[in-house]
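My questions all concern the structure below.
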Amino acid sequence: MTTTTSTVPTAGKRERHLLTFVSRHFGVLSITVVFVLLFLFFSVRADAFLTADNLVNVMRQIAPTVIVAMAMTFVITTGQIDLSVGSVLGLSAALLGMWAATGKPLVALLGTLVLGLVVGMVNGALAAYGRMQSFIVTLAALTAFRGLALFVTEGYSTPIESTFLLPIGQGKLLGLYTPTWIAIAAVALAWYVFNHTRFGRYVIAVGSNAESLRRAGVDIRKIQMGVLALTGFAAALAGVITAARLASGSPNSGTMFELEVITAVVLGGTSLMGGRGSVIGSAIGALTLGIISNGLVLLRVDVYWVPIVQGLILVLAILMNTKLFGRFSGTRK
Amino acid sequence: MTTTTSTVPTAGKRERHLLTFVSRHFGVLSITVVFVLLFLFFSVRADAFLTADNLVNVMRQIAPTVIVAMAMTFVITTGQIDLSVGSVLGLSAALLGMWAATGKPLVALLGTLVLGLVVGMVNGALAAYGRMQSFIVTLAALTAFRGLALFVTEGYSTPIESTFLLPIGQGKLLGLYTPTWIAIAAVALAWYVFNHTRFGRYVIAVGSNAESLRRAGVDIRKIQMGVLALTGFAAALAGVITAARLASGSPNSGTMFELEVITAVVLGGTSLMGGRGSVIGSAIGALTLGIISNGLVLLRVDVYWVPIVQGLILVLAILMNTKLFGRFSGTRK
Amino acid sequence: MVDIRKKFGALSVLRGVNLRVAPGEVIGLVGDNGAGKSTLMKMLAGAVTPDSGRILVDGEEMTGSGPRAARSAGIEMVYQDLALCNDLDVAANLFLGREIYQPWSRRLDHGRMHAEAAEDLKKLHIRISDTSQEVGNMSGGQRQAIAIARAVTFDPKVLVLDEPTAALAAKEVEMVLQLIRDVSARGVSVVLITHRLQDLFEVCDRFVVLYEGVLHRELDPAETDLTELVTAMMGK
Amino acid sequence: MVDIRKKFGALSVLRGVNLRVAPGEVIGLVGDNGAGKSTLMKMLAGAVTPDSGRILVDGEEMTGSGPRAARSAGIEMVYQDLALCNDLDVAANLFLGREIYQPWSRRLDHGRMHAEAAEDLKKLHIRISDTSQEVGNMSGGQRQAIAIARAVTFDPKVLVLDEPTAALAAKEVEMVLQLIRDVSARGVSVVLITHRLQDLFEVCDRFVVLYEGVLHRELDPAETDLTELVTAMMGK
Amino acid sequence: ACSTGNEEPTTPDAAAGSENGSSDSCTIGMTQINQTAIFFTQMNEGAQEAADELGCELTIANANNDSARQSSDIENFVSQGVDGIIVVAIDVNGVGPAVDAARDQDIPVVAIDAQLDNVDTFVGVDNEAAGKEAAEWLIENGMAEGKSYGVVDAKNSFIQNQREDSFREVIDAAGAEYTQSVNGDNVQEKAATAAQNLVTAQPDLDFVYTTGEPATVGAVSALSPDSDTVIVGWDLTKEVIAGIDSGLVHAVIQQNPRQEGVEAVTELKAILDGAEPKGFIDVPIDIVTQENVEEYRAIFN
């Protein structure tokens, strides 16, 4: 029945700030460390890796993933998911090719982007107003839009010759390709909207406690639909870039693209349960995937080993970081 | 400042019981209605649909999906997901073929099943003990195991001639094929375990409130790992059945299979957020997918239209039921 | 302000209830666990839609339904389950749905919101050092204080408090009671749900007893003692 | 039964606390919001692991850590956040982690669990008509009653109650206090955390005041009055 | 048979006319590997065309690279009561049981493109032989000895694996230096990225061998026309023809999928009308270079 008390000094203020910072930006820091380590590794081990040409190429290759990952960060932060982005990319690429062939490239471009937006809004409306789980809506869309792309093109790809469209995929400015610049713009915009606007805040709130946001008088269905419209639009933009880069609108573009995008977002520290996300993390996540597939080829890894090694790197990257940063993340889910 | 009171009679006891029943088994009832409607539609419109031969075939075709959907129901009810089942199916089919070719079919069979279990346990250990999200672990596994399957076979399939193995896919008993019987057994077992054992109850509790279960003294990591081991095993079993049915172990078996299984489970009323699931619903969900792809071929739907129509049926099925049964599901999430 | 209403889950939770709240009046809404108090008040705040019945504000039917309409009609509520977003910080929760932003750039004014949040909390004597803490990790009492601060800072006409003091320390409870007196003096109507019956006697102008979904009794605090109230709550 | 302990989040929540509970003793653990009461008790129940410090039961170090070890050492806790599984029914929540099943078929004995649950609830005077209701839709007070029932039905040696009465109606509160008296008479140690200070005086043998993570004062109810206790809680 | 697709095919009219009337119903089920390659699309078109002319009803099912689904499709055709089945096999081993089951019901089966031993007739080229043939052509043209090459392949395609392995076997024996393979997964932009990474890793390649249409198109868009590396690959498209014009694409191994489709339907109809199965109908490959590319322009428009 004795009680004694002892006081131990708390951590210094500086250190505490650091700890708070780390635990709050845990996801981003974690993927940054992985990215830097892999970057250093490939620079040392693969001769051709650290050359301007190669890096410029990688940044173009990964641009569509980065762009769609930006929108997907919003979607996943609301606790939803969009599995249809690969099919929408394919549909957009195919339609851009077909419409451009009619000789009106500007109309083709705008038409494709608007179509992406509309398609995304349909997904969003079904999920938000139809109260269906986004997973199942966009899974249906994954099947249906790929089918539609094949239907309208009858399976053929269309060469793109328009001098107006090709620079979207192949133009260069200040040493970087146009897709890279578009991706950079997308990241900047996404960062601003996510962190500095009401929309961004409501996106987090929907994922964190949708009922709470609803009771605060916000129409959560608009938010849920809005983010899915965003991925539709981003996927269409990625389709345009892909088609312009390949000078060919192919209905099979974007196969399995959704998994790549989701991987990038999750690698970047966004929680699939919603409520926590980071656009910068997603961008670095996408870059990481880009240098992995580039670096493994440059290292001349046997073609059969590439997917195995990719899977292992992925697991190790996340595992290492759970262990490394784990103690900061506390007991929360 | 006046206050008056009026009493309105409550609904009769009988009606109330019915309402409770409906709202509790909402997911299963919903998919059952869809299934019955589609079944009737195809029976009327496609001559060959309602023939014993065709139904027997459909039940064999869908057996692997049903079997894996059983395990997946457990996984999704815990709030996890397993994206690697298609790759594990491919790996198992490939290995069964290769090992059977050495002349020891029993060893090949057991080896394949054990391998599936081990692979699932590795996924589960990483998710539960490594505290990684199952989505990302199994996404990495999806890549890695498909790569492994291609690696060990160098991309080729192996014919299976063993008279011991072939009946697993092609044998017939009382008018139904062996895979159908295995699927029926899997459904019965899954139903029992899910609804009548502690394991099943903990599976629901983990998905509902993992912290609560942890505080109740249960090792939630064992549950989380256990269900992923289950999908690994089920996927290997499905791989064996597929290989035996085709008399060929192909490393490409099971491409996109994970999406089909997840669709079946979600159609059956299991929530991707965890905490609510129904094994019977999943089984009917799988059957529904089976009759859709069978029925569309029998109706001679144009090949380009099939995926579009499939997507539409899926969305309509769920939408109809949200509207039809929506009023029973209350305001809960 | 409230008219007949009912609601069914599979069981009837509210079976026709009428309630009228005058400006500046403090009503103590009491009843046994599961009597339907929270459900009734959620309807007033727009969070739950009644099966039938009407809600009138200043004699006019509330335009539209849902929390947005209730908010613009000046009804604010502290929910029993608090309804906070665990992943957002204190300031973000306080301003949820009413963020301050620059109209042209649509940029949120984080600085101002944090400053105002800190000030509002201070005004309410809530000791939370850092408004950029995430509420998910805060203690039960801290979370409740934030929920209260959110409801009162925006000058409601009707303030509904559903068990606002359940997790609060004694001093904070006193502060909440004082707060109720203050706002009602300013003409704000208050509906207080609580199981701390003594508190009710301190602040209420009228007791309303809900029993199994019907409005069982209405009592005047001056003419009622604790035992009488408890008896009334048991449906007698 | 408890030894020195500390814990850090990014801030130190508990900075070296010693606490000893004798059999049959009822301790009132009080403190301001955020003082660390819940965290301290979660450690005792194994739900949170201390950074350092030891927990001794009957003089022996608790074997293993985690809630399982605590349970087998006879420690049961009612958590402030209740820790119920919303998707399970009342009986399933009561028996969570201690299901009754037939050993050979491993089949759960649903019938017996529902029957026993109904009986246990009745014994505790909790009026819940249907033990196959899902707890997710139940009212705040009903949920709390279930959490209490879960902790007490399994004959604990130490019972920790973290704000068990926050959402309960007056009659039910009285029942909980009676319950505490009953179990302590049977030799069960009880730690009660509550902000309803009057209740403490009714049942406690000793008050322990936690202030900003340190054990600030220890008081004897017989020699303390309410104001003194409130002052102590403010760190004075 | 024909080799360019420009020559007159065995006219379906003639075939139909010669053996008219011995069978009044003619419904055909065709199970196709996927719809995402132009190769298969053209095959479908050829089959559809022939079916229309012969008065047959053709149902095509897309197995989407899934051999289990392909077996299901064959079973579904049998249930549906078709008169004949065309199989474009994903896994030559894996369709065996389903084909046997169909033939047990006296339904004739014709295989296209991938050789099955238990069918009535096989239409097309042997991919393995064609891979060898392509390698021999390169050897003749001095592209083997002392030259280095890389491969853009699709590991998930059985046929493309055959094309790669048989090609490598012959050309490596002739002294060409294999460097590495990259996987384009049968998707254009993945193949483009893979090809780009390949030439970054191996800047001194003499040529890149691509095993299928997405790989070829991808490589064409990834490689610059003024590089020293040229492309030798499978399957023409409009984009690839442009590559031939610019000199980037050195040679293309071109099958005639449309003709394969026509032949398969015609053969099935003939069998249904009582003719003996031909067993094997050769639709040989053609090697397209700048010299003979003109003939193909019209097809790819």
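The letters A, B, C, D and E name the chains in turn, as written, and every chain counts its residues from 1.
The working rule: a contact is a pair of C-beta atoms (placed from the backbone, for glycine too) under 8 Å apart; a residue touches a chain by one contact, two chains touch by 3 or more.
Please read these numbers as outputs of a predicted model, since none were measured by experiment.
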Between chain B and chain E, the fewest steps along chains that touch one another: 1
Chain pair showing more contacts of the two, A-C and A-E: A-E
Per Cα centroids, the chain farthest from chain A: D
Relative to chain B, chain with the most remote C-alpha centre: C
Centroid spacing, where centroids are CA-atom means, of chain A and chain E in whole angstrom: 35
Centroid distance [mean C-alpha coordinates] between chain E and chain C, Å: 71
Centroid spacing, where centroids are CA-atom means, of chain C and chain D in whole angstrom: 28
Between chain B and chain D, centroid-to-centroid distance (C-alpha), Å: 41
Multi-chain contact sites of chain A, meaning residues that touch two or more partners: 150, 154, 211, 304, 306-307, 330
Touching two or more other chains - residues of chain C: 9, 137
Overlap residues in chain E, where contacts from two or more other chains coincide: 35, 44, 155
Touching residues (chain side chain C, partner chain D) in the complex: 9, 31-35, 38, 80-81, 137-142, 145, 163, 165-173, 195-197, 230, 233-234
Touching residues (chain side chain A, partner chain B) in the complex: 83, 126, 130-133, 135-137, 139-148, 150-151, 154, 210-211, 259, 262-263, 266-267, 271-272, 304-308, 310-312, 314-315, 318-319, 322, 326, 333
Residue ranges of chain E touching chain A (in the complex, touch as defined): 35-38, 40-41, 44-45, 153, 155, 179-183, 185-190, 192-194, 196-198, 200-201, 203, 214, 217-218, 221, 237-239, 242
Chain D to chain B touching residues, read off their complex: 45-47, 66-68, 70-72, 77, 79, 83-88, 92, 96-99, 101, 106-108, 110, 134, 136-137
Chain A residues touching chain C - in the complex, by the definition given at the top: 24, 192, 196-198, 201, 204-205, 207-209, 211-219, 275-276, 330, 332
